[in-house]
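Chain lettering (A, B and C) follows the sequence in which the chains are written, and residue indices restart at 1 in each chain.
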Amino acid sequence: MSATLEVHGLAAGYDQSIVVRDLDLVVEAGSTVVVIGPNGHGKTTLLRAISGLIKPARGEVLLDGERIDGRPAERISAMGVVHVMQGDGLFADMTVEENLLMGAFHGASWRHRGTALKRVYHELPVVEEKRAQKARTLSGGERRLVGLGRGMMRPARLLLIDEPSLGLAPVAIEAVYAVIRRLHDESEAAIILIEENFTHIEGVADLVHILEAGSLVRSGSYAELSQDRTVVETYLGSIAEPGA
Amino acid sequence: MTGAFASLTAGRLGLITAGVVLAALFPLVYHDPYYMTIIVTAEIVLILNISWNFVLGMAGVWNFAQLAIYALGAYGSGWLMLHQTWIPVPVAIVLGGLFAAVVSVLLAFPTLRLFGIYTSLLTFAFAQVVQYVALNNPRNLTGGSYGYPSVPGLFPHLGQTAYLRAYYWVCAGVIVASCLAVAWLRQSHLGIALRSIRDAPAYTAARGVNPRAARVAAFGLSGFLAGIAGGLYLSFEQSFTTNQMGLTPMSIDVTMLVIGGIGTVTGPLIGTAILTVIHTQLINYPGWEFTVLGIILLVIVIFVPGGLVGLISRADRRVRSWVAEGADAEA
Amino acid sequence: MTEIVAIIANAVVYGSIYGLVAIGMTLIYGTLRILDMSQGSMVMVGGYVGWWAMATHGINPALALVLAFVFTFGLGTVTELVSVQPLIGRQKSVDFEMVTFITTFAVAIFLTNVALQHFGPFQQNVPSIVGGNLELYNRVSISYHELTMAGISVVLMSGLGLFLARTRWGLAIRAVAQDLDAARSLAVPVTRLYPLTMGLASALAGVGGVFLGALYFASPTAGDLPLLQALIVVVLGGLGSLSGTLYAAYLVGLMQAFCEVEFGTTWTLPILYTAILVILIVRPNGLKGSPSEARL
């Protein structure tokens, strides 16, 4: 059985500069992989290259064994790749409900949008409260939740989540990660989560990769990597020292 | 003079000099007045195009008022020629150019605040206002739709052949001078500043280049040249109507620039030459002429965006690398 | 009092013309971020369709309107495929706007001259949609044709608004206008959406052309003035803002009506253009515009 996502020798970037270089990654169905790395080293570029928003310069990306690199983003999305973008990628002048509905835009999902909407509102009551408000009027945390909700409006084979905790207050981050934990537990999708540090990913990460200078330099379970001093010091999360 | 002409090999320099010499000798052997008139008119249009290319292509500013500036140069120098007859005509033309430059500079200021496409609308609106005002001929300054009255002109006493030749040489002189100036400016601080503003505005600001000054300078310089072209046209044709700044000549000029290659030094030459030829062939079929023009414009922009100059330089590079490969293989 | 009635009546008529002609341009700018210079020619084509249908073939007005809509829809779609689609993704956004300005301008030149070749430079009479006049006050009258035009204009613009607000594809168009990447990542087929948007916009202009034809004749250059008028309105309202365009359309209509009654028609357009110049100097993004946000 092939993994949901396989990336071989990926190189990608913008204009003349290559940001991701020679990257290999495998993600199995139902598992959640977390990619940690400093800013500017290629985390967002990696996700954008997978979802097709940028075209890879080299390498292969395979979804359930089928090559998707080089295809336009809208086609890749139609194949079941859901990309929850950095910031939130919400349509600022649309209401929350309209944003969610756009999550179900694709053919078959559109027909079931009513059910999907009910389901998302059930999972995220905060979002339901604000359903008629324009997205621009929501707080950062609420918008992030709407973004996740939008990603939940249709079935996904592969779910890409870009820095969900970025710029949020701790309470908001808690709420966001509660949702992510539920997705990890209940969804059959392969999930790639990228974050800048280790702070919140315990319990969510099946596998952790460290991304530096465009390539994956270390991999392991959360337990392994969080014991490693150099890793912990570089990616200073809040892994408390015992007795500190 | 290193920078501007560094790309000129001895071979190219030779070719250019030969071309200039041939062009200079041309009117001594060719006499047909009908075609000579067309050629001189084309020269004047070329001067205008060179000026427009500078601000549109090299500075990357969406300036669609160039023809109005050109007209203002004509009206300005015309007024001087008619009412201030103590000023020698060449000086009047230069002063007309200065007047056009001043107006152009004034126009530059509001564009500094505007987002790209709004600049095109602002300059377009300005051009429309100028055209309407000119049509209404306030205080007889513009001659309205009948055109500007006859002016003394540069060579009022020459016979036809000599008249045509004289204008040919004067215009050719202006063309050569402006091409040299543009080539030099390209390599100068101003030129580099303009290109970096065009290509990477945020980076430029961070590097301390003053984009406003550069843009105002670009407007001013191109306005000056356009104004001179206007004065030359009025002097040569002995008339200037508001049609000269309408949508029709604008579409023709844009096509000339695009065909040749916007932003290149030789682009306007090639584009003007080719379209003038097409124009003379189709002059009796205005409908067809412009249909063809529309198609050419579309095709070139989509398939040959660098214009013919871009095409030639790409071909040239390919040939040279092919030759270099051959040399490597043998080494 | 007579003056006021005349001004208001004319303002409503002009406003609806401007609305029909400009709304398409705003729709296109909002989604494609280009200034479509072929919108004027779509008005011209609409006028010819109206003439061909009603004058030479005796087709009834309602059907003529539908024909104009369908024909210019198709033409707009083809225009997009030929003059915009090949350029997408090729260059930096600022260059893209300039280049498409030129390519759509080229299409306009092409269409105008095909019409010139085919129909000659003559002005053709386009029959009114509805005959007769309504007297308003003290011999100020408005024709039923103009009333219908105002009415249809309002219907079309509301229809567009509903389409954008309530339907799947309307939602998609707004999504593309507000955040292209997000829309693509939600499987919105932008390559199909662009021609559709431009077709829709051109169709609106085409319908406007049928109405305008009765007021100003159908001729190859019938699209030139509407293009300039659309530019004025769109800039004033703020590029990409539908509500802004609507306000601007009636505002400009009012300004034109006022100018005509007070100063006569010769100076109206220069005054309007000067108004644009002033507005752009004072408010560089138009009355309601703002470059980083789309408001479709």
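Just so it is clear, a residue touches a chain if its C-beta (ideal position, glycine included) is under 8 Å from a C-beta of that chain, and two chains touch if they have at least 3 such contacts.
Not measured: the values here are computed from a predicted model.
Trainee: May I ask you to sort the chain touch graph into line, ring, star, complete or other?
Mentor: The chain contacts form an open line.
Trainee: Using the touch rule stated at the top, which two chains are linked by the largest number of C-beta contacts?
Mentor: B-C
Trainee: Using the average of all C-alpha atoms in each chain as its centre, how far is it in Å between chain A and chain B?
Mentor: The separation of the two C-alpha centroids amounts to 53 Å.
Trainee: Roughly how many whole angstrom separate the Cα centroids of chain B and chain C?
Mentor: 33
Trainee: Averaging over Cα atoms per chain, report the distance between chain A and chain C in Å.
Mentor: So the centre of chain A lies 42 Å away from the centre of chain C.
Trainee: Name, in rising order, each residue of chain C that touches chain A in their complex.
Mentor: 168, 171-172, 174-175, 178-179, 181-191, 293-296
Trainee: Flag every residue of chain A that touches chain C in the complex, lowest number first.
Mentor: So the residues of chain A touching chain C come out as 51-53, 72-75, 77-78, 82-83, 85, 89-94, 98, 101-103, 105-106, 110, 150.
Trainee: Going by the contact rule at the top, pick out the chain C residues touching chain B in the complex.
Mentor: My answer: residues 35, 82-83, 86-87, 90-91, 94, 97-99, 101-103, 105-114, 116-117, 224, 228, 231-232, 235, 239, 266-267, 269-270, 273-274, 276-277, 280-281, 284-286, 291.
Trainee: Across the complex, what residues on chain B touch chain C?
Mentor: For this pair, the touching residues of chain B are 60, 62, 110, 113-118, 120-122, 124-126, 128-129, 132-133, 136, 247, 251, 254, 258, 286-291, 293-295, 297-298, 301-302, 305.
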